[in-house]
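Have a look at these structures, which come just after this line.
Okay, so subunit A shows up in both of these, paired with subunit B first and subunit C after.
Right, the complex of A and B next:
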């Protein structure tokens, strides 16, 4: 995977998936949760973050961890959309970890 | 007056980052492309709104025309836009142009607003992958945000730091560099030399802004903890120059008192010696000794005191010709570091900066003092509520101005562009101050009579073309033998204060010459007489703190 491809993943997926997650307070407002939902499940119109990632990322073992995290985010979708506090917190943590891992891969690229 | 909160312009092809900033950075105003009053988070139409920021260069330029008071720009680097919307670039590959579009936008922004701080919303790693990591080298107003760009707290702290640097660093908010190549070179050299202990010699015609450069740029950029002290050598009687510069002890000469000299007063700080060419030869020797030894001896004392001073000398004289004529010491000239050749161009050589300078002067002159009081008076008369500030537009007035906007007719701007400006930036500042005050006085009068300056928009104040024409006419008043730059000696003299002093001198002299006849004064100053013109002149006379007692 080229550094440029990695940079694009960080820019198009990493930054945006963690946009709200990294700023979320302990008791987020409904509007903030709606922003989080858009980051995770509507990153592009009608597309989840995981779907965009699959389109941009080559099938490389180094990205397996990020893929797994995105799958876990997708699994939480109904609960996050229902604004269940535990699921919102967990999804936000996963999103932050996705960005962190992508940036680490970029640094090593 | 600037708004109490800094104003940011975001340039990003997407809308998500704007949403984040508006949600989490509420201590700032945002330059939007919307006509509704902000802030956006109170707006019922905010869902899905894309007017919150600029998506490309065109929109950024629109936003900057609409919001001249933007304090900082947040600029994305990668833009997923059709080719037709990309900024001009030397790069041919469309994909690379998109990935680095922010750098092309930055280049275009720098031509129009070179003084604006820009935060690039990317990391060095991302730039390095595009071989563009050095693209912003040498532009001290660009900050790369790094990985924390989406962390609202981090970006807030970063913006605070950027704004602080702007306010106190080499690019103080009220020094306008403009976009001419000569000023760009000067800025680079001044920035580099300000941080050193080397003396600096500022050359340039009268009124080009040498003192302002020393006070607002060089001294803050030097990082020195001491004061800025300015001495206008031309304004001092030759008998007093030595005592002023070097200090004295009681009894050193007839009438001498214990006094700290300016060199000592500037210890750990910056000393501006304006009109250094006027320094008498004997004192040139004393100054050279002080500069070389780093010690100064007060008149009447034998003990030398150590000084640590950043010396900035300024002159509009040809010092090399003075050396040839034997009136300036070659060794002192050499000690002033003339090889750096810091020359401020005359206004006619940087006329492309005219609009930006006018805008800066309008905003600055109504930010405080008596002009500000007049603006507030107008706001009351015109029924404008809330905080009020001043701005300027050229040609067509803005549809929904946030500030009281002075409108300069395009033909007047053209006339100003071809004017010789022998008094340079100082002359322009005076012309702008007079034009806006007269326009505001007219608008005040109209508002009190129940007529807004323009019926549809009380925040729009037109400046009459005839007013500018009169102000550009050659002045017929003889000035005193001291010359236009002779405004006395004081620490921390600002260009504003110099301009105000000059204007005050002019009004005072006219008042004396005309025996207090305001109608006659108006004819001399504005080229027109009558009750309204006389009232304008009297108003300005009072604003300058002068008293109307018969000469």
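Right, the complex of A and C next:
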């Protein structure tokens, strides 16, 4: 994977997936949760972050961990959309980890 | 309250700023022309600029696709268009500086140190943070004032 491809993943997926997650307070407002939903499931209108990732990411073993995290985020979708606090917290933690892992891969690219 | 002009081709930064940077008055522009108009009309204390404008129509981009293609890409206009979109935030900042707007500017991007130093040499008060982190953005804007 080229540095340019990796930088694109960090920008187009990592940065926006974590946009709300890394700023979420302990008791997020409904507005913040709706924003988190957009980051995770409606990134670049109507697309899950995982779908955008699949489009941009080459099929490389080094990205398997990020893929697994995105699958976990997708699994939580109904509960996050229902604003269930535990699911919102877990999804936010996964989103922050996705950004962290992508950024770590970029440093090594 | 300080006024922050957000310049991007979508609405992700603006939405973020309106929720997490409530200590600023947020204004938005989606092109250099719109940013120039906004600054001329209402001014701003600082600028938050996206780097890549891959969703903007070619006619809204700063830079001539044909001339860039001829100069850098052996006439390949597709690559020139992509190049201009990838650099658009810095090209917009150059246009604003040329028009006399010297507000501190902040990018949300991982610039290599040499590129950051070059941007600061060219455009004065410029900084960058790697993520959409409200605390880091606030600190960076305070530091570039």
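Operating definition for what follows: the second predicted complex is superposed on the first by the 109 of 109 C-alpha atoms of A that agree within 3 Å, B and C clash if a C-alpha of one lies under 4 Å from a C-alpha of the other, contacts with A are read in each partner's own complex, and residues count from 1 in each chain.
Following the convention adopted for this analysis, contacts are C-beta pairs under 8 Å (C-beta built on N, C-alpha and C of every residue); 3 or more make two chains touch, one makes a residue touch a chain.
Note that this is a predicted model, so its numbers are computed, not measured.
Of the two partner chains, subunit B and subunit C are each touched by A:7.
Of the two partner chains placed by superposition, subunit B and subunit C are both touched by A:31. Contacts of A:16 after superposition: both subunit B and subunit C are touched. In the overlay built on the shared chain, the residue A:106 is in contact with subunit B and with subunit C. When the two complexes are overlaid, the chain among subunit B and subunit C that reaches more residues of subunit A is B. Residues 7, 10-11, 15-16, 18-20, 22-23, 31-32, 35, 103, 106 of subunit A lie in contact with subunit B in one complex and with subunit C in the other. Across the interface of their complex, subunit A is touched by residues 12, 15-16, 19-20, 51-52, 108-110, 130-135 of subunit C.
Contact residues on subunit B toward subunit A in their complex (touch as defined above): 16-17, 19-20, 23-24, 78, 99, 122, 125-126, 129-130, 147, 149-153.
The part of subunit A that touches subunit C in the complex is made up of residues 7, 10-11, 15-16, 18-20, 22-23, 31-32, 35, 99, 103, 106.
Of all residues in subunit A, only 3-4, 6-8, 10-11, 15-16, 18-20, 22-23, 31-32, 35, 38-39, 103, 106-107, 109 touch subunit B in the complex they form.
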